[in-house]
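Same chain, two partners: chain A is paired with chain B first, then with chain C.
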Partner chain A sequence: MSNPTDSMSSVRPDLIEKVTGRAEYITDLVVPGMLHGFVVRSPVVHARIVSIDTTAARLIEGVVDVLVGADVASFGRWGVVLKDRPIIAIDRVRYVGEPVAVVIAETVEIAENAAELVDVEYEELPRATTIREALADGAPLIHERHENLEDFYFKGGARPTQNSNVFHTYRSSVGDVDAAEAIAAHVHEDSFTFPAISHFAMEPHTVIADFQGDALTIWAGAQTPTAVQKVLSRLFGLQLAKIRVVVPFVGGGFGGKASVKIEPLVAAASWKVRRPVRVAQSISDSMLTCRRLGAEITIRTAVDAKGRILAKTAKLLLDGGAYSDTGSAVATKSANRIMGPYVMPNLRLEASAVYTNTVPGAAFRSIGGPQAVWAKESHMDNVAAAIGMDPVEFRLINMAGRGERTRPDLRPLDMDMSELVGRVTQSPVFETQGSNRRARGLAVAATDPANTPIANAIVRLKIDGSVSVSVSSIEVGQGAHATMARVAAQTLQQRFSAVTTLRTDTDIAPYDWGTGASRSTVVVGLSVESAALDAADQIFDMVADVWELPKDSLTLVEGGVSTGSEVLTFHQIFHRALGVDSGEVVGRGGITPRSKKGALAESPLFWETSAGLAEIVVDEDTGQIHVPRYASAADVGRVINRVAAEGQDEGAAAMGFGHALFEELEFDDGQPVNATPIDYTIPRITDVPPVFDTILVENGDGPGPGGAKGMGEGAILPVAPAIANALFSTYGIRITDLPMTPEKVWRALQKRK
Partner chain B sequence: MLTSPFTFEKPTTIADAIEAVGDSGESMFYSGGTELLLAMKMRVIHTERLVDIKGIPGLDRIVLTDANEIEIGSRCTHKRIAADPVIREHAPALSTLCDNVANVRVRSVGTIGGNLCFGEPHADPPTMLAALNARLVLQGQTGVRFVHADEFIRSELETVREPDELLTMIVFPRPTGPVTYRRFKHGERPSVNVAMAWSMEATSSTIKTARVRVGALGSRPQPLKAVEDALKGRSIADVRPAIEAVLAEALDELDINDDRHGGADYKRHLAGVLLLRNAEEAMTRGKRSR
Partner chain C sequence: MTHMLPISFSLNGQTVSMEVAAHTLLIDLVRGRLGLKGTKRSCDMEVCGACTMLLDGDPISSCTTLAVDVDQREVTTIEGVTPPDGLSRVQKAFVLHGGLQCGFCTPGFIMAVTALLKANPHPTDDEIRHYLHGNLCRCTGYVKIFEAVKSLAIEHVSEDAA
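Moving on to the complex of A and B:
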């Protein structure tokens, strides 16, 4: 047996820090002179701000200042796709929870107490709190104008409809849908809805900002630190090089900390008082900061007499909330993700994102994916039933094969979707006693991550053989830092324990687009691999030069370089080459859309895939759904860290169970109903299937290091439709809106009777 | 979110605690704090002073008295009650209930007294204690009074306890027949719960009297009188038809709110489902023990 020290040396170093309580999150940091901000939020849905009186709050001992809209109106608006957002509400609030003042005080207690004394007078405005209301004739305009930022964060921009609440519409059309429907044997249409869902990260949004003259330091749980840097640079007129974003350990993001969230607000607070300011939100605050976009979806499929899909049409309306954030991209992706891994010769897709007077929508694990796949995979079973075909068979005969394109402008499929279907249907968990073949539902997904192939890495090889890796990827629990260390260790042939990935700090780490879209392992991983190769090349140059050996005779071994006849330690190499017993080589690696002869440029860089098979038991007296068994499969190319990879898949599926059965951020005429961790229910460990099979398919055919693909956003997708399909086939009811609560199921069962 | 500032006292006698809270309305008793501190942090409850009763000896006792009654000190945690040998022997359904209240953190520090005094309609213990015909002992500056569990909760989040009265003990007769409890929940708190307690002679298989309470539907647990009457004097073997004969009528009489936990018709239906499941369990237990 291996000794415990050896096995511990391969454990992710961040996990050891976390379980021993040493890991530092933002609330563990203290910046000298730091003040505390408490955010006063709008209690009204849509209103003009008549006045803000901060006099009483300022009189409290320990209160340093109060930030209000008038202080920062001259900085203008910000955004990452549409510039629609003030730093803090100026003359108008657009949703309950919108920041209207920040009380800045010596302690958080003083700030919170004084916040109760800030007196804001509102004059209510007509509201539009749902997609329907926002699209109705004469609906109040939530934003009067749309300022588009082309290519600012994502490639492209938004396509708003002037004088409406529609801030983006994406259309895609292939072939002739009308002609195909005219000759089809069957045309089947369904409508589905999907609720707003909270990210519910364990660590709420927390930011420390320190404005010092023309320089600004931000400590934030930001998933995209370079986007934070860029937005703050434009907003406050600072050089990028003068803005430092530090990201310590992050307690969950799920997209809720991607793009930019409360960083401009906290930076403005620090700008006002010229001291460091921390704003530590509660989970309730974070539930009012951002959420997944709700959706209304209509989907139609035309099939021929043999059950082959002739045409597919989908119209998706997404509830983007009061500010656009990345809602336009969510809408576009929802249209792409409603296609699925099927051959669809004729296709008409339209997705719009709509402003409403509710919490702003944001990126969330597989943007637009759960909304789209909920509709698409529920619909697939309905179509199969309508034509009297087995739903698995219906999928298999329509599945696009490896190398086939599902749409001309997207990369051909790089996997065998039927292999994943085979793997879940043959999972051993369904062979166990008591398993009921007839109570199962299947769903699959193939999504196009917005991987944005732009990243850099620095790998420094030290004289003692230790290695540091510097990247902008954040460590949000997914294990990215350990993955980068592993890639560097494997490339340099050094022990994993010899490699340290530095904490994320834009002063040190080179540019990367951000941590999201399942991209880090592939895009940043490739950068690390290339930086490590560059470092190796520099070492080989030294050896070749000093020892006068041909470079191609040299190989890296643990602790040094083998010349074929002897092993030179890194010490010997640096000492002889530099004349002193010191030094390091700095390897640089970068990925751009032009890298690898442009092979990374086509979208998506890889297809993120998942198949899910759920077995259910319903208590027909109460409507409660139990899922005793579930199998999840994903094609991940190659596994780099099995525990982390399985954890990502299982975590995504667990989140999918929340979406399927429990979660909805509810609004009643714009007022949040359950935006607290007490009233909002996420699944507990007892609510997820006791028997769960995670199947990771490895064909070594991904674009990442060693053939890896990205992962972690796939397994969330099939859960809800798989359960719904099992309900449909086994109990004869079709639920069309999430979550599938016991009451909804019971009512559907009553109606069936 | 943090509480507004308050002072803190930890007396060692009931009299001192009552004295400390006084009648100014600015102080509150505190023990587990699982509801109170949350409400204070959300700033829906303001108090100048918390008077911690955890330093008072005797409030965490559980005993079976000579009068054949079970006494539970008000500051017993759910965990303590769940594990107590007296409760496990004489009221195992209460033990199981306490073992499943809320979550492990609440069970470890939250107390039965705090649960009752908070007056939360969607709670487990009030329904069970009403079915067990419990009395609550309230001690104030002028003396001690007993309140029936049925009468304790006045309305949502409001009880008959005066601010300077300390709930010291919960007393109920040792059950003589099966006690059953079921709840339905989809989230943190129960949507509906039903508790049923039968009194029986040691050697007989006839129900002397039955108490049935349905909770979480209105502000406080409600009796199902028609079911209680139907079960009175009934043999265990006849329980199911007896209940079924009156169930619809009994459920109709319940006062039910439409709320986030479900529509009234759904919850009315659930109450019936839980009651019948309780009855099945009680019949099995009743037969086994006789």
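Moving on to the complex of A and C:
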């Protein structure tokens, strides 16, 4: 609950542009001479393409060309971890929705109409549409062999199992689980499932590509422009410097626009016609482009007579869909994220990502986190019940303290988890009238963001005191551009309104890994800070030189430099030092794992932690769950912009309500059942709890500017298990498969009676 | 041959007279030929409210409204509620309360809230939620959108300031 203290002069400039409709998104851009592409998609689950006849489509007036697999077969496949993906289906389709042709025409309307005339003949192949089917003996192989791209995007690549549908397995083991279980007072095991979920960014994927000779320009709502650049460079044999990726305002990403999505497809269309081509997908198309990985999870905990955890075992199977994308990283993270903030002397984790004949899986807000935390935190309450202990008490006695490691290879916890639990349980929202203390459920999460500490920034301080910041972070609504401007303004002691963050453009912005995993504030923020310090240093050098003053006597003030006895304006400094009345200093800053004496090298850079406490009411006649009150707490180190930070957490929690109560991208034997915005529902304003408390814990102990930690992903995690735990403690039913639809709840209530 | 029909309507207070194909959608006409791109297209199926415009003051989904159906009527878009300099009170409230993140749903929300407050300057909490039920936002979780609208609902303003 916020009280806006920001006055209009310090608000995020992007908000003003957006609220007036002036902000430009990719769909608002027009490139002169641009044609329009419409994608023909596979209606079949798994099939050999016998033939594609585009003759009739080409005869339509206004159709320029049709791109099919045969055109680009020689370019080979691409990927970001495994090289498993053709630019467009060549001889085979692996899921319903896979692109098989792109009709390129003068208008979208013509392209769409002509697309109906593209005649594709398929010969169906045996399919594997679920994890179980894909792992069965004799399951059809969705990819005949696995080609690992070592060190392409994520370090380490994937560990596929040849001659199987398993494209990655991650294992981690500490101590001796078997021995610990043998002496345990109790061993408790549970199984859970988690469905595929659609990102449902309000702005669907849209890309404009313009191939000109050996140069390629891409306009896209891409979260990781440098990954797009790299994939396109390899695919089309172009130098990185010849590929320009421009990212205007992005209408929501949540991971669904991370790594690389339809950019190669649209680039190929432009390559074919040698003109700019735009493909603007519909929401339904985007639901067939990527989705969160579904999961089947078995988790087992051994405790001693006092309720202390002796050992934990988890096996996670993730449904990666037809192409791997970053599914291997999702699997690895799901294993790390199922540990939670607990002390577990013995540990055995295994996570595998499996191909199925469904929409490709992809990164999605807190990769692998919601799947893992759903299982782990529901399980914690089951274990507590089995040993007759209060679930909050059970958590508290097993929680790792600040500075304690949950696993030897991970950075020690950098915060007090019990503080978060205390903050949600004492939230004033539960003091309000009608609150029922018995109908509450708690869940906590501690996740390790994959925030690669590699970023660069350029900060230019101009003679008039204005400043421009150039970074590859994109503005996807999180306020990254304003945060970068604030960091530069604070470091240079200039007004916020004097600083402009430039639109993301790889021709201008220096290299960065990408926007995601809650990393921008910390990693990119630190590089902006160091670039600003570099710019300041250059100014100080000029002053020290010309005025013959010791550098350490100089400080920055608004509009210039203070020498202690007087203020020199930037203009005076440039004038005297350079003999000109124009110019700028260009500050460069970079962060690498070796920065800050290696303090950033250990993983994770910081822990992203959250706690959620839900109070529920169930309509026992319908099974409908209502959540009248919810408190969410996150440790953020330091808040740079309170309204934006709270908004990130509220947005994440609301997404969590969708995950918990109704969101599921359904497949029936591989056929998508509800992949349209009519059939698939995301939370509406009436679906979020009317009484909602957002608590941000600030101890200034993060590695980012001012002690900030990254945030924006944690709050999604506790929601589903907190609600499930409330359902368990209050109504005595345990739902193990998300979402907790009225039907499932009603059936469980009937069974209990 | 596409059948063209003459229409004449008021767009943000200016009269527009032109010929349009019978099947042209209002959103395409406004974003395309008329070049006003503030209105956003998302679901394209009348379920998300991103494309909301006002027709004679009432919110409509421009993605499913035929251009010919606005003949002789008044259409208002986000451009039409934005003062020449500065922000409307609804826009200002969204900015100050952080009722937006990526901003893709925002023009639609601004239009809906503008219509709500015109019809009902002091809506109750339930009325606010009910009225905005048709506007989807994937980013904010609605908490700050609600707070923004609530701040306006409890504000006492003279009639003409609205």
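What we mean here is this: the second predicted complex is superposed on the first by the 747 of 753 C-alpha atoms of A that agree within 3 Å, B and C clash if a C-alpha of one lies under 4 Å from a C-alpha of the other, contacts with A are read in each partner's own complex, and residues count from 1 in each chain.
What we mean here is this: contacts are C-beta pairs under 8 Å (C-beta built on N, C-alpha and C of every residue); 3 or more make two chains touch, one makes a residue touch a chain.
None of these values were measured; they are calculated from a predicted model.
More chain A residues lie in contact with C than with the other chain of the pair chain B and chain C.
Contact with chain C, but none with chain B, is seen for A:650 once the two complexes are overlaid on the shared chain. Of the two partner chains, neither chain B nor chain C is touched by A:583.
Judged by the touch definition given at the top, the superposed model places A:678 against both chain B and chain C.
When the shared chain is aligned, chain C comes close enough to touch A:686, but chain B does not. Once chain A of one complex is fitted onto chain A of the other, the partner contacts of A:465 are absent, as it touches neither chain B nor chain C.
Applying the stated contact rule after C-alpha superposition, one finds that A:282 touches each of chain B and chain C. In the superposition on the C-alpha atoms of chain A, the part of chain A touched by chain B in one complex and by chain C in the other spans residues 282, 676, 678.
The residues of chain A lying in touch with chain B in their complex are 108-109, 112-113, 116, 282, 284, 621-622, 624, 662, 666, 673-674, 676, 678-679, 681, 741-743, 746-747. The residues of chain A lying in touch with chain C in their complex are 1-2, 4, 6, 8, 11-12, 14-25, 27-28, 200-204, 249-254, 282-283, 476-479, 643-644, 646-648, 650-655, 676-678, 682-686, 688, 690, 692, 694. If you check the complex, the residues on chain C that touch chain A are 37-45, 47-48, 50, 77-79, 82, 87, 91-92, 94-98, 100-107, 110, 125, 129-130, 132-133, 135-147.
The residues of chain B lying in touch with chain A in their complex are 1-2, 4-5, 38, 42-43, 184, 186-188, 260, 262-263, 266, 269-270, 273.
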